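Common to both upcoming complexes is chain A, partnered first by chain B, then by chain C.
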Partner chain A sequence: MSTKDDTGLLRSVLPPERVDQLFDLCGTHSWKLILLSAVIGALPPVFGLREGYMMTVISEMFLFAILALSWDIVGGQTGYPSFGNMAFFGIGAYTGAILLKDFAVSFPLAVVTAGVFATVFAAIIGLIVLRLRGHYFAIATLGVLLAAQQISRNLEITGGASGKILFDVPPGIVFYYFFLGVLVAEIIVVYYLSNTRFGFILNAIRDDEGKATAMGFNTTYYKTAAWMLAALFTGLAGGAYGLFNTFIDPQTAYNGAWNVELIAMALMGGTGTVAGPVIGAFGLHTIIEYVETAFVGWQLVLLGLAVIVTVIGFPKGVVGSLREYANEMDYYERGGMAATDGAADGTDAATDANDPEVTTDE
Partner chain B sequence: MSNTPDTDEPEMTANAADAVLRTEGITKRFGGLTAVDDVDVEVHEGEIVGLIGPNGAGKSTLFNCITGTLTADEGRVTLQGQDVTDWPEYKIARAGLGRMFQETRIFGGMSVRKNLLLAAQEGGADIGGLLRRPDDSLLERTNELLEYVDLGGLADTRAGRLSFGQQKLIEFVMALMAEPELLLMDEPAGGINPSMLENLIDYIRTANDEEEATIFLIEHNMDFVMEIADRIYVLAHGERIAAGTPEEIQNDQRVIDAYLGRE
Partner chain C sequence: MTSDQNRRTFLKVAGSTGALGLTGLAGCAGSSSDGDGGGEGGSGDTITLGGSMSLTGDNADLGRLYKDSYQETIDRINEAGGVEAGDGNTYELEMVLRDDGTDPSTSRSIYQELIDREGIDYLLGPYASSVTLPASAVAAENQKPMVEGGGASPEIFSQGNEWIFGLLPTANKYAKSYFDMALEQDSPPETVAILAEDDTFSQTTADGAREKIEEEGLELVVDESFPTETSDLSTNLGRVRDNDADILLLCAHQQHNIILANQMESQGVNVDAAMGTVGSLNQSFKGEVGANGDYIYGPTSWDINANFDDPVYGGTQDFVAAINENYGYPPDYHSAAGEAVILTFVNAFESVDELGPTAVRNAIRDADPFSTVYGEVSFGDNGVIDKDMLIRQWQPDPGLQTVYPSSVAQADPIYPMPDWSER
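This part shows the complex of A and B:
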């Protein structure tokens, strides 16, 4: 933030008021914007993109956006950073693969069942691990992921360490529209919820869970509900992934590196927002794909660098930082200093230091 | 406590029926330390009751036992005739107990308006209420309350950006938004400037007169508590050493001794 202020370049090209107007515009036309994005997302196959590398990459972008947005429901909106979201994905993937291969169930039914299984699993695990907070929660969820991975390695039905190969794979366009459909559905659900009492309660848990409890909210109940919602979408995506990839094993289904990736996506885009994780997923996946082809083997190094730069430079992510930038003067413009407080106290003075023009303005 | 001549006891039993809050023999021990020792208090509808005592007297611990944050080792807590001793914290809050914290706690990442909307108890925990957007009457009440404390302009500002004093006011109107049967305030006057303290006294008075809010408050600022409270309880070393009107308390030898460190 401070570096931008120093150069003043951004300020002249894109003043905060303009960004604020943009946010307002997005806010008033949010539903149209979602619809428009969905239509744009649906267009490429219509114009002939039906197979090949690009098709796969775009499908994966949708997939990662689903995973990042799901992570953010609990990690961003509710403030419980999970390192175990890929457990839901793995359970979905194995449920889907086993049903398709061993029970010859139809694709839609297998995917839906995968989502349901992941959700039920989340309910059970959630009641245990969601009692923990902060680091303890993060470690416990990582433990869940590793345990789930180990179990699938040991069981007969999951094909053990060698995993499962799937045949009779539908064409790529099916997965393209499936992932797009799930993503759009999830965006609609999360965006709607973020403006309801339920969404407010999740944010309240993130900001101060003790206070939320003292206000009469049984936070365990809301945390578990959010966790199950995240598991549902992650499980649905996982259910289709086995066929999409034509192969799953414990390493790919419960992919710990992916879990880090999707956290990085949510962080870079901006946690606690709807657009943030989606933008982060599209952006980071594009970069990773490019590096993977251009500098083979360096993608994890780049991922690490990207995370460090984000955390230092834009701790609130792209969307969060922009919003902060747009609203930086709000407090003063709306009479924050004048209101009731009398003289500015310590907190005001601290903010003044960043914005020298404030005092002259007022 | 048993040897204290409780002159106000007859009056209390007469009003026992309309006691919003009653504790009987609340005791809380931390290891070998008895933080709260066999404390009885009663708060009646429409009252402002103060709770004072030297540092470490057990005031906040008593509050925590009432709200369910801590579980008392002995004794009962009754809220509007219901025994809530073993209830979880959120359930007691839902039964009509509001709380303001010593270290002002609001939801810093959310807008001021969302803080208030969240505090409203109507709609409650049923699924329909959770999944609806806040209705107009609720938004209107939010605006009213914000105007009332002169913070109307800051409705859409992130609550964490507000100054400490403003956050304190927000926490107060959040408590009013919930329309609690009883509001516990832990040091409402702590850390705010004198001119704002005047305002706060007005706000609390008005809430008490017009909204019929019943208030039980911990306070270290003696002028403030003597001015605002109808009755006062005094704790020292976890024991209730006195109870009565502000005049009675000011002239009570045991209270004076406790504050001067004699005991």
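This part shows the complex of A and C:
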């Protein structure tokens, strides 16, 4: 087709084989790269960024990356599109806020408890909703979110519709390192798991749950474990958010817009990978911040356009598209099908690369 | 297989590396903008006021009222030569208004951006208490004065924040004037019934009413709460009748005002006065209940028929005419409060020897009462305007009339309201 013409400039500047080599290089040194990323992420405060707008924006980038990566554990790696992840965030946020404000618990204990509460909630809910598949699962998770929001609105301990105010706030640098720390920990855990039997089984569930079940896996167990892992990190982030924002109410803690944004972030970056949701979160949040100040009143329209353009231009997300591009060369080298139809070949190659080949590993 | 695995590995890591790296760079770049907050927006003869407002989303219609009022007032001040500040210079006013979509999760970064990047020292508050709370925390952290006309929750002003000033009477004051009015009548009430919706705003209103009742030595004979979802107040109205309450206060929103008016009529519940706190003055309320709504009272922080002197417009009626003419709608209390937000800053700029956030904050806090289209403005120790609600009543012949306080009243209250059998 016209793939070669469309990407002619890109091919001359960055040939697929170079991308391929880069992938291999990074693959060889993956743990060192994670460490390097963490160090780079930790540097801005060392060089003087201690408060204010940029500190908040970067802290929010880390926060959204946690949320998007958590969503991807279930939505991308396992193929279960959850619309209820903000319920974990809200439960974490309220747990943290109540412990901090009403019980004068220390910040670390409050956020850890928030993560634990969200995880326990996920275990209970997961055993019910994770028996559902596809659209039914998506709708059920949305129901969980709405129910959690309504319960928080009606309870006295949550401050009802008025929410919780937390004015005795630690400096911004605390949240910066907290969100960075949780993000790095999550990247390490998800990356490690994605190369274990556990990760392969999640991918197998995504690719064909029927076969995975037929192979003897208790898929509900694996799905619930993945869902709890997502809830743990989302709940930890939520636990700190109330204090970070100085205020939560049902609208903020179970933020409907965020619920869509975090999915968009994972999709734009590339689902089913570790890097994709993180890139998507950083990219989309940067766009959101820019559009909010540069195009007042039009931000939602422009955001919608950005998502549409990305979905049309990079349906596999940034990482997925790059993966496809790099694999193209690999495919030629293997001498596959004379490479007459670039687009189709690329897709096939990418599918091959995506395939966790559970059967051989087992 | 090995190369596939490597590729998988890379993809999982490369993005996080790049993204974290980029963030690091962004962070380093960002730090240079810290401390760039010039007091007068950098140009020397311009003072910039900045804030966010609900310009999109559910409250966009209300947000527009503030935006138009801010803009009209600033334009008029600039056309008249600007602000003659106490430092001897004349400044033009500028406004930077962001859109928060009434989302409390956005206001923190919006206000930080205004302070850090736009160098704004004087903050206009957003609409809605939930958005104002995080914004007011940013104002306090950065020690910039914020004046707001869109947040009425007493929580905003009970945090010990010395940088926030509010122009709406807080929810706990909504019912106060109603009791003052009733107590001035020839046969003042001795017993009171409160029916309150089970939401925080209404409960706060009821708390304020209970305090006032105790202060005035009245007897609270019915004090009941009901869930928001209820469509039947008959049991509670039965209690009002059985306990022979003189006056009734309904702390609730419009739907319950409608239920109250209709069920009072069907059950023949007679009291000397009945007031609903929110929504009882809307035309749509009267349209729903017809004659059953006659004699019902409601509170408002501003009356479109009032005539207060104003240094920019001349008086309230000139303001009403200007908004009508330039924007095609009659202003309401949000618009008037918006005008007073700008004038609060102008009044402070005029009275300080040297412009700066702290000096301006002190000037706002210590200002003598000054007149605006919204009425007299001065702030209590907690930063809330020292203002009582006006009371309006649906009267059968002229319709909605301001009846209290007498200084702005269009008519005397019809008190006690006639029994249902006499209507």
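Operating definition for what follows: the second predicted complex is superposed on the first by the 324 of 362 C-alpha atoms of A that agree within 3 Å, B and C clash if a C-alpha of one lies under 4 Å from a C-alpha of the other, contacts with A are read in each partner's own complex, and residues count from 1 in each chain.
Everything below uses one rule, namely that contacts are C-beta pairs under 8 Å (C-beta built on N, C-alpha and C of every residue); 3 or more make two chains touch, one makes a residue touch a chain.
Please read all numbers here as calculations on a predicted model, not as lab measurements.
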{"item": "Greater residue coverage of chain A in the superposed arrangement, chain B or chain C", "value": "C"}
{"item": "Which of chain B and chain C A:Asn218 touches, first, second, both or neither", "value": "first"}
{"item": "Touched partner set for A:Tyr177, first chain B, second chain C, both or neither", "value": "neither"}
{"item": "First, second, both or neither for A:Arg197, with chain B first and chain C second", "value": "first"}
{"item": "Partner chain(s) touched by A:Asn327 [first = chain B, second = chain C, both, neither]", "value": "both"}
{"item": "Touching partner for A:Thr246 - first (chain B), second (chain C), both, neither", "value": "second"}
{"item": "Contacts of A:Glu289 with chain B and chain C, given as first, second, both or neither", "value": "second"}
{"item": "Intersection of the chain A residues that touch chain B with those that touch chain C", "value": "195, 327, 330"}
{"item": "Chain A-facing residues of chain C, complex", "value": "1, 3-24, 26-31, 33-34, 55-56, 97-99, 101, 103-106, 108-110, 112-113, 115-117, 129-130, 133-134, 137, 140-141, 153, 155, 159-161, 199-201"}
{"item": "Contacting residues of chain A [partner chain B, same complex]", "value": "193, 195-198, 200-201, 203-204, 206-208, 210-219, 272, 327, 330-331, 334-336, 339-348, 351"}
{"item": "Complex interface listing, chain A residues touching chain C", "value": "20, 22-28, 30, 33-34, 36-38, 40-41, 43-45, 47-49, 51-58, 60-62, 65, 159-163, 165, 167, 169, 187, 191, 194-195, 245-249, 251-252, 255, 257-258, 269-270, 273-276, 278-279, 281-283, 286, 289, 292-293, 296-297, 299-300, 318-319, 322-323, 326-327, 330, 352-353, 357, 360"}
{"item": "Residue ranges of chain B in contact with chain A within the complex", "value": "67, 69, 88-91, 93-94, 98-99, 101, 105-110, 114, 117-119, 121, 123, 125, 129-134, 149-151, 153-154, 156-158, 161-166, 169, 174, 178, 193, 195-196, 199"}
